[in-house]
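Here chain A shows up in two complexes: once beside chain B, once beside chain C.
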Partner chain A sequence: MSRQRPAGLQKALNVLGPFIGLALVIALFALIPEVQGRFLRFANFKSVATQSVIVALGALGMTFIIVSGGIDLSAASNIALSSVITAYAINAGAAPLVAVLLGVLTGGLVGLANGALVTRLRLIPFIVTLGMMGIARGAAKWIAGNQKIDAPMTWANEFMARSPRPSWLLLAPGVWIVILLAVAMAVVLRYTVFGRHVFAIGSNESAARLCGIRTSRVKILVYSVAGLFCGLSGVMEFSRLTVGDPTVAVGLELDIIAAVVIGGGSLNGGEGSILGTMVGVMIMSFLRNGCTMMGWPNYIQEIIIGAIIVIAVTLDRLRHRGE
Partner chain B sequence: MSREPAAPPVLRMAGVSKSFGATRALDGVTFELGRGEVHALIGENGAGKSTMMKILSGAIPPDAGRMEIDGRPYAPAGPADGLRGGISMIYQELTLAPHLTVEENIMLGREVHAAGWLDRKAMKRRVREALELVRHPEISPDVRVRKLSVGAKQVVEIVRALLNRARIVVMDEPTSALSQEDSQRLFEIIGKLKGQDVSVIYISHFLEEAQRVADSYTVLRDGRGVGSGRMEGTLLEDLIQLMVGQKFTRFFPKVEHAVGEVILSLDGLKGARMTSPVSLTLSRGEILGIAGLIGSGRTEMLRTLFGLDEAEGGSVVVSGFEMAGAKPWASISRGLGLLSEDRQGEGLALGRSVADNMTMSDFTPYRRHGFLRPGRQRRAVVEWIGKMKIKTKGPTQKVGDLSGGNQQKVALARLLHQKAAILLLDEPTRGIDVVSKAQIYEWIGELAREGKAVMFVSSYLPELLGICDRIAVFHRGGLVESRPTPEWDAPGLMAAATVGRAHPDHPMSQRIAE
Partner chain C sequence: MKSLALKTLAGCLCFALASSACVKKSSDAAGPREGRTLQIAVIPKGTTHEFWKSIHAGAIEAARELGVEVIWKGPQKEDDRAQQITVVEDFISRGVDGIVLAPLDDRALMRPVQDAVRERIPVVIIDSSLQGSDFTSYVATDNYKGGVLAARRLGQLLGGRGRIFLIRYQEGSASTVQRETGFYDTVKKEFPDLVLLVQDQYAGATTETAYQLAENLISRFPDVEGVFAPNESSTFGTLRALQESRLAGKVVFVGFDSSPKLVQGLRDGHIQGLVVQNPRKMGYLGVKTMVAHLRGETVEKVIDTGVVLATADNMDDPAIKSLLSPDLSKIID
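Then we have the complex of A and B:
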């Protein structure tokens, strides 16, 4: 233990770690003269935040799943399905509130199915959710008749509004929802018995079982909660597009997983935090935003984000080495 | 001490059977445990002890049989039911969550909470109290378990079982990774539990230990109960005879061997995790014992020497070649072989077959043009299984499904198979039954006779004194002393290991000084 860093510094590094990456990304674009002016504006930050809502909601649930040692490849399909259901309900004349609840519930049911299959069939989550990815996407297309569902404008379309209606809100309602839920989930993960059991299962599932934890029940709950978040994310997707599009968010599950991993989540389970995940989401959004402003083509963005994932996880490993 | 025989048993197991595929692990076992009784469960590796206790705790379901607690039928659907029934278990293989802290591990499944909200303060207080009770206040409740040594992990595991306010505590090999002091404390705690009318089932291959702590015993052989009775008046020989089915006396078989030229020399070797540099030599045909408390730097020295931990200075010369800072593959190619103390964590690939585990470090005999020749591999492995008397269905069985002691034998067989010229053995007999231990001593002796060099780290002093040519003692991360075995005795070794030098008043030291 000769090369240990002082405890205070180590602690500071652990807490600030993810923020350093975010600060670097923001600083990078803030220093480039061509975009400086536009990038550093409040309006820009606001739109970045709004653009992050969909991934952020998915990532909240994904954090729980990844901490528990699982993975959810069906997240993006689930988002698409939920957005289609919401649009369908509104189109069919349901009250917006009912439609929104239906959308969220749809996501929850898909998650519940994931959890039940993982625990009952004892299949690894990768396989189960890979299957669900196809099933949910197919179901979305089927329900939508393989096209977009138009729906009349209601208040359900204001979650993602560029300028929120009561202007004192400053940020879109969707952003506030994300912030509130992130705080709530961070508390759940750290300060409740449930959260602790999620970590235990991800760290050593058989030990958790031997300690009397009903691991199946916890896992079903984890996948269901994650499903509800995908459902809400789907509602936001509908709100943004004002239509139910079954082909939306293809491949978005990888962005969601990347956000969790950039934020310190370990795909082996037992590690991860809500704060880290949220910072991971912001890092990806700011990068996209900055690259777009620079006028860099899409493929450059893809390369940069790919590299960032590897760099972020490497740095995270270094940060934990002292432990 | 002894209770009235009339008192009804706390636990009764009758006709309990369990098969894993074709392996009959338990075959109609009957078992009775009295209130406040310490009951030793004894048997060879693979006799079915752990299986029986896992059935009791609810970790696995039995195929047949009945269990009763306090006369009421007991059929746990899972470990949660076992815990609720008042059964607490220290499993043979460590069952801690590495990412969680000490406190989180100890309180796992029994968190103090109000409507789901954790009361961390209360939990930390309880954990701290419990750690003080076992006299380990230096283990912080906030440290992550993966940072602890094997010994400290075992302490955490014990504390977890004790905090449970159980009526039956099962201890499956609790002392195999404990220091003598800690074992002593555990015996005190067992005494206290007895005083509180808690019953203890105690499994150990240290039969002297079992004899000392237990009131009664049950012996298992091949999944069957072959005898039980009161410990008082029972001789060690009788227990062993029950275990193996025949008389057994050769505990430390002597194999004549001659010490040859130096093959390995360490000169001021310093590793990242060693506190002081170590200088040592090891010769062909020599068995060098390494004594010391758990955490005294013995394992670090082996790992640094083998190349698993980074060397920060000094030299390692193996048959004339400078090897300091070499990677493990290079060490292996120079004839070094290491048996890890942590067989589950890094010693074995638990999900792979016995054959793959045994031959992993040397596939050359079974390879042609880069292709594996499974037939040959299989034949060689079958031979080793026979030689080492490994209880397994065959070369293709998953190592993780073997009993603890048999896993250890597979790990050891790998070194023998790899034909290492210098064997670095870290606690090679941990969890191994008396007869197999004697078998291993004999192999080690034969290896020495063939001119191989053996470094033998052990916390079990009788075996060091029984088979080594020379014993070196470690203390607080450094080498204290190295002397020929005849100049040591058990108290002298203990003194050197705990105080850091042979006690000056000790008769041994005086004799040497003369």
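Then we have the complex of A and C:
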């Protein structure tokens, strides 16, 4: 945490690492003549940004959890559950605003349950959220009657429209929501007492407790906030699909975790930043987008993203050896 | 250090903006141009199943014949609606000349297809239907007719009377529901003496769930005389259950789709008929229709790619054999 001289260069590299990665990915596709002209167009950046919204929202919350030394494997199931709840509510005749709030709250409740179980039962987050992953996914399928829910189109489906309705918005409303929340969360994580407590718990939980930090309370709050983000992400997923699909986002929790890790988050806790995470999200989205535009088979894309994760974690370990 | 990071970011952005500004001129002229190979994106529901490989082979055949380029790309995870939307959007960004799409969802893919049409990229839908009417043409198997063929085969072999199961696949799966409806309607209309012992049981998505359902049904109705199953996994699961309970060959069994195990079942006399689709033709006609549309010809709004009934008698005819066990190795490398 401390800004000591010898670590200065290394720290700079840590911060820069993800940006270099992003620049490399963009440069790679920008140099391939086949897609060059199209890849660098604003319209393409717009669709990459829209495609990033769901993972980005999940990753905002996940950054807090990972910085606090935890993990949330239930994120993707939570997204699916929240999207199903939103669709269900709209279908049942609720006003779109109510449905959206219900979706977000559902996510928050799942997060609260995660936090409560982790702190009250003193189980490790991996196990608690692994269990919650199944519970939330099952609940989503149950509520949806084991099939997708067709809901009528409302303004709730405009969040993720590729071409936003008032065209001066330029980007989909969902993208603006992510940008605003990312800035807010970056401030919370870096400059508030709560944010510093999260770092303290992730660095050394018992020390933090001895310093008088109410670790349980902070952790419950962290998991609840992350849950709210998953809920919002679920609303966005519904907005994008225009149906509530209980089988959506299987395995997405790994993308979310990967984004945090690529962005410099440490699974040992105590390290990570919102800016880094957002860059991690963009790296994966641009890769996916570029690979698709090139028409490369999916396995190439999977191998590349896998390799990037390993490289990122290797950097993470080197950093710890250096300290 | 932070300023360095910001500088790099700013640098990247400048670079990106500058390059996008340079290339904008050259790429503004979207749409088909003379003297350039047409690029057609073909987007399946998944890439690993045999069915989609046949569609891929058909698309490549059409591409070779017509001198166009086919870009084959499915969602990264099989059957993931959200990722299929992403793939469609990315091809809109790339500015391909046309998109041939097998939508994973008749509703969720509506908006990306609208986006494509707004950017003047025509879309041909294959295999499964899409709501709305933004697409140029719909090229698919007439699934209802497939169910009719199966019912007639079963009815004829049983001499018009007997106790049968209609095993359903899964709620909400449009193509199999059409097959089941075709079967049900034909039984009611043409074979009133066939008794449906079971007609509202769902086999579920996997062979395993179909196997369990068929086992339970057989132990409850051991005197069953005929069975129809509406897709590959339910047919195979039912076949396994019939074989285990030593009823295979004694019960008239008609299934849908093909796989090496089902072909063997047909040869052994455990299956009396398989209704097979023509995915290769679907891929071929999907691309061909798109190219015809792009070259200014008028195309049919709905194109049927046909179903045929394979039996032990005709299974070695070259035409049927190529549908039962397609040899794609020459086309897809």
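Note that the second predicted complex is superposed on the first by the 296 of 323 C-alpha atoms of A that agree within 3 Å, B and C clash if a C-alpha of one lies under 4 Å from a C-alpha of the other, contacts with A are read in each partner's own complex, and residues count from 1 in each chain.
Here is the rule we use: contacts are C-beta pairs under 8 Å (C-beta built on N, C-alpha and C of every residue); 3 or more make two chains touch, one makes a residue touch a chain.
Computed from a predicted model, the values in this text were never measured in an experiment.
In this overlay on chain A, chain B fits alongside chain C without clashing.
Contacts of A:93 after superposition on the shared chain: neither chain B nor chain C is touched. Chain centres taken from Cα atoms put the angle at chain A, between chain B and chain C, at 140 degrees to the nearest 10. In the superposed model, A:206 lies in contact with chain B only, and not with chain C. By the touch criterion stated above, A:214 is placed in contact with chain B alone, chain C being left untouched. Touch criterion met: A:192 reaches chain B, while chain C stays clear of it.
Touched residues of chain A were counted for both chain B and chain C, and C has more of them. By the document's definition of touching, of the two partners only chain B reaches A:270; chain C does not.
Of the two partner chains placed around the shared chain by superposition, chain C is the only one that A:30 touches, whereas chain B remains out of contact. Applying the stated contact rule after C-alpha superposition, one finds that A:166 touches neither chain B nor chain C.
No C-alpha atom of chain B lies closer than 14 Å to any C-alpha atom of chain C in the overlay. Taken together, the two complexes place no residue of chain A in contact with both chain B and chain C.
Interface residues of chain A facing chain C in the complex, by the touch rule stated above, are 8, 11-12, 15-16, 19-20, 22-23, 26-27, 30, 35-45, 47, 50-51, 54, 145-148, 150, 157, 161-163, 237, 240-243, 245, 247-251, 275, 288-289, 292-293, 295, 297-298, 301-302. Across the interface of their complex, chain B is touched by residues 1-3, 191-194, 196-197, 199-200, 202-204, 206-214, 270-271, 323 of chain A.
Of all residues in chain B, those touching chain A in their complex are 57, 59, 78-80, 82-84, 89, 91, 95-100, 104-105, 108-111, 113, 116-118, 144, 147, 160, 272-273. Those residues of chain C that touch chain A in the complex are listed here as 1-2, 4-5, 8-9, 11-12, 15-16, 19-20, 23-24, 26-27, 41, 47, 71-74, 76-77, 79-82, 85-87, 89-95, 105, 107-108, 110-112, 115, 118, 171-172.
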